[in-house]
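Heads up, the next two complexes both have chain A, just with different partners, chain B and then chain C.
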Partner chain A sequence: MRDRIIEILSGVRADVDFEKETELVSGNILESFDIVDIVAELDDEFDIEIGPKELKAENFDSVEAIEALVERLMGDE
Partner chain B sequence: MNTGEFINDLILWWGDLSYSVWMYFALFLPVTVIVYQLTASRHRKLVLLGASWIFFASLSGWLLIVNIAESVFVWKMALEIEKISKDKSIKRKERAAKRNKTLAVGIVSLLLVLVGFKYLDFLGLNMVRISELFGHPLNWKLLNLLAPLGISYYTLMAISYLTDVAREDIEADKSLVNVALYLSFFPKIVEGPITRYGEDSKALFAGNPIKYTDLTQGYQRIAWGLFKKIVIADQLAPSIPALFEGNYTDGGVALYGAFAFTIQEYMDFSGSIDIVIGSARIFGIRMAENFTQPFFAKNASDFWHRWHITLGSFFRDYIFYPVSLAKPVMRFTKKVKNIAGQGVAHFTAPTIALFLVWLSNGIWHGPRWTYIFYGMYYFVFIFIENILEEPFLAFLRKIHLREDSAAVRVFRFIKLFFIIIIGEMFFRAQTMEAGIEMFKSIFTNLRFDMLLANIGNLNMDFYAFVSVYAGLAVVIAVSIMKETHFPIRAKLESLPIPVRFAFWYVCIFVIIIFGAYGTGYSSEDLIYAQF
Partner chain C sequence: MHSFNKNVLSWLEESASKYAGRTAYEDENESISFAELEEEAKRIASAIIKAELPDMPIAVMMGRSVHTIAAFLGVVYSGRAYAPIEAKDPLSRRDKILANLKNPPLITEDESGSLNFAELLKSPIDEDALEKVRRQMTENDPLYIIYTSGSSGNPKGVISSHRSLMAYIKAYSEVMDINETDVLASQSQLDYIAAIRDIYLPLLTGAKTFLLPKEYFMQPDVLFDSMNRHGVTAAGWSSSAVTVLTKLGAFKEGSLKGFKKLCFSGSVMPGKVLALWQENLPDCKFVNQYGPTEATASCTYYEIGHRVSEDEILPVGRAYDNYRVFLLTEDDKKVPDGEMGEICVAGPCVALGYYNDKERTEKAFVQNPLNSAYRDIIYKTGDIGRFREDGLLEFHGRSDRQIKHMGHRVELDEIEAAAMEIEGVSECAALYDTERENIWLLYTGNAGARDISVKLRNMIPLFMLPRKLKQIEELAKLPNGKTDIKRLEKDTFGGK
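Right, the complex of A and B next:
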């Protein structure tokens, strides 16, 4: 899953080293436009529904955080 | 002065209680601090609530009732929303629908109160204009309603509270006192910041004793805010009407007006926010920052991450994301993707949401077309930036220029600087037509002889000019230090005590000597308090 998430992230922003960054949102690396793209792709790929309530820095600051969010939402289904 | 006159003056002062009035610092704040400290910990939030209501009533009179009624309504609605969320007897989908319906009732009611107090005349007058176009002119009798203090700010805070409870991010507070205090806390009621319940609540309701470091750092922050407000903004203020309310055909006057108003507004608003944050800090409450060196932003979008931050983040969390991720918008985006490809689809959802954000931003500032234009102005620039950023970076690579090179940074700074001051020019313009005339004159009649010949007629003496521009130089120097993470406060703290005290005394004297006040002078109203 991690590889697929990185692929999606890199598809949206090729210029960011997602393996390393841990402040993607709180460090203003990802713009809100990017987040919307990423959410749409994650929803499609993993058949989940990421709602506005999940759009907080702590859920999107690193690949690990995104992975945890996706896993949690897949478990909710 | 006899006792009667003194009491009379005191009453006049009291009626004028606001941040920049010394009354706030000399009486209201110290008395609140002392009473707070002398009260038992569990009752301290009542002291803060009482002080907040006195503050509110002294500026807004009986309209305090509106704030209290809305607090009760919000308190009750949040509990109702939470009750639905916890009701496991109904199915998840039905529960969500019921909860969203209740949330919608809450939000719409709050917005109706806001519209009722602030926008009815605007709506009425525009209805008249439209009806005239159709040849059946209607009449509208102006209501000229006075709005409760800070209604634009606390309405947004109330909406964020209800939404966060519905999102199950926070629990609904069972205490009415807590909710009422969150929606009326005196430092932030006039101009924000638009804080979130989740961030505020702990320290605000804890009733912790006042700590020496919080007290000193709070007062230092207040001193810094007073410096920006009284030494710069208020000294510059008398020149602004002369620049904006004269003729609109001189480009030099228009450009200087745009610049001067931008400085006045930034110093007034960010200075007041320093006072707010400093006042809250005294009670151990660390409020969200509202400005982080906005003029160092790299583009218009970044500027709004640094200017009136809490308004921007409110719109991001409660309009931009929900609209972008709404099912109809996502379905529409997919259609666009199939027809026009990923490139266009990438911008579809965010652009729809962005439009609503900036429309709301303009309307939020008040019932004027110039404000709505201001919102649309930033919508256009941020939209263009989003489209052009990639090609611009590709162009830089082609000419072998790094994004962080001095040339690119200077280019970005100048571009953004003009975007900001022209935006502020429209914001301040008397009417939309006047704004357009001023804008045109910058291109058709840019000369500075008229400005220079009339520099003495700007209601500012030489002394005021020196205050403003020397003060501005100090703020720029401090901003550069902050932007480059120079530890200003730590350096000050490490100075020997006599030097440190001497430093703060000098600061206080600078404010007293260079500040715009004195006999016959009434402190300027806070610009952002009118929104």
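Right, the complex of A and C next:
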């Protein structure tokens, strides 16, 4: 799953080293437009629905955080 | 001190005497009252005057904080114009801006600039020196220099006078009905034109501005909570910020309390997005604004007095008070009623020109071709418009390759100029997919997409960065040898 997430993230923002960054949102690395694309692609790929409640910096600051969010939402069903 | 009612400093002083202890600006960490703002600005100015710096603009590169605005006003008190610079912009862009300003004094919070903010603040206030400077000032003096995208790859510094700014803020505050009870939520970066409303409305009206952290705009519930906590009543945001919040599920669970006035601008607002906001905020006033930096942020406004439908395209409306907006044909003639033409602006809102750039100034700020009797400078926007029968102006796109992306003006030529400097890029074309709001870069050569993306990030600001890169065999050409943009758009994302 991690590789697939990194693939999605890199498809949206080729210039960011996602393996390394831990402040993607709180460090203003991602733009709001990136989040729109990332959310749409994660929703499609993993058949989940990321709602406004989940849109918090701590859920998107790193690949690990995004992976945890996706796993949690997949488990909810 | 004398009362000089000719510039923004008199607004500040009137508000400081009327609302002394009330908050003028706040961010998530700090707030500053009108009286403190006047004091900080005067200390900074006194230090600048004492240092006997050359008579030139002063650049300010500080964070998103209430003190940054105090630094701007301090520069103004010293009799100079300020040039706000975004610290996060790539170095090469910053260098181009500083070079255009002829390497001016630079105020920063750390040691990187020639003037340290904290040191300036230690200066005592020298009222005599301030008054001496003030007596020399006129309302036509430059107030700020704000940089926008330029097609050659060099940003253009738009210089606006006190007079221009005051004409706009007065007209806007009347249309939006802003008064001392309002709390404004600021979305714009402080170096960007849209921020002038958030900075100057408090000085004129006694309202308060709350500087929202940028990252809140990708977290709609966090944003709404924060706005409710700060008692926000009004905002002027980019259409694109409003659209993103909507795409991310604003109003699904969160709500806004006490929010009454929203002005949006920067690009065309999708009817679908506005309809949702109207549904959730039935008593809120919504205003569509249109206009370029060169006409002090705006030209026209349209107050939406009905529930819009999902596919509705809003007009940009009528000219603000003290603005004159009209159309010219390609050969500078009057446009017959109901036909399309280039949107032109006249009046005190017209900027003084582009800083240190005679050539581009003379091209865009021209003598009104309909008037040969006296000096009458107008600004030609390069936008195409049409007046409806009811007198409202419609916006019909650009005559060149300038686009609006994320509320910012972007010259696609500037992106191409930057990409061509990268090794391994032979030819390239920047395209804009308006529907999906994506900038594309198609290129030939052996450079890797990631490599180009990383390098561009150090050359152009983030909002200009192509989000989709594609290596292709060759660029489609027109018979005249120019790139066939229409064909590339069609092949790449199905553009018309």
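Quick note on the criterion: the second predicted complex is superposed on the first by the 77 of 77 C-alpha atoms of A that agree within 3 Å, B and C clash if a C-alpha of one lies under 4 Å from a C-alpha of the other, contacts with A are read in each partner's own complex, and residues count from 1 in each chain.
The rule is simple: a contact is a pair of C-beta atoms (placed from the backbone, for glycine too) under 8 Å apart; a residue touches a chain by one contact, two chains touch by 3 or more.
Keep in mind it's a predicted model, so treat the numbers as computed, not measured.
Peer 1: I'd like to know which partner A:G75 touches here: chain B for first, chain C for second, both or neither.
Peer 2: In the superposition, A:G75 touches no partner, neither chain B nor chain C.
Peer 1: Considering only the touch criterion stated at the top, classify A:N28 as touching first (chain B), second (chain C), both, or neither.
Peer 2: After superposing on A, A:N28 lies in contact with both chain B and chain C.
Peer 1: Which holds for A:G51: it touches chain B only (first), chain C only (second), both, or neither?
Peer 2: both
Peer 1: Examine A:V36 and indicate which partner it touches, taking first as chain B and second as chain C; both and neither are also allowed.
Peer 2: both
Peer 1: On the superposed three-chain arrangement, identify whether chain B or chain C touches more chain A residues.
Peer 2: In the superposed model, C touches more residues of chain A.
Peer 1: Quick check for you: in the superposed arrangement, does A:R13 touch first (chain B), second (chain C), both or neither?
Peer 2: Only chain C; A:R13 stays clear of chain B.
Peer 1: What part of chain A is shared between its chain B contacts and its chain C contacts?
Peer 2: Correct list for chain A: 28, 31-33, 35-37, 39, 51-53, 55.
Peer 1: Under the definition above, what is the set of chain B residues touching chain A in their complex?
Peer 2: Those in contact with chain A are residues 167-169, 301-302, 305, 316-317, 320-322, 324-325, 330, 333, 346-347, 349-350, 353, 386.
Peer 1: What does chain A use to touch chain B in their complex?
Peer 2: Listed in rising order, the residues are 28, 31-33, 35-37, 39-40, 43, 50-53, 55.
Peer 1: Which of the residues in chain A end up touching chain C in this complex?
Peer 2: So the residues of chain A touching chain C come out as 10, 12-15, 25-26, 28, 30-37, 39, 51-53, 55-57, 60.
Peer 1: State the interface residues of chain C toward chain A in the complex, per the touch definition above.
Peer 2: Per the stated touch rule, the residues are 88, 214-215, 217-222, 240-241, 244-245, 247-250, 252-254, 406, 437, 449-450, 453-454, 456-457, 462-463, 465, 467, 469.
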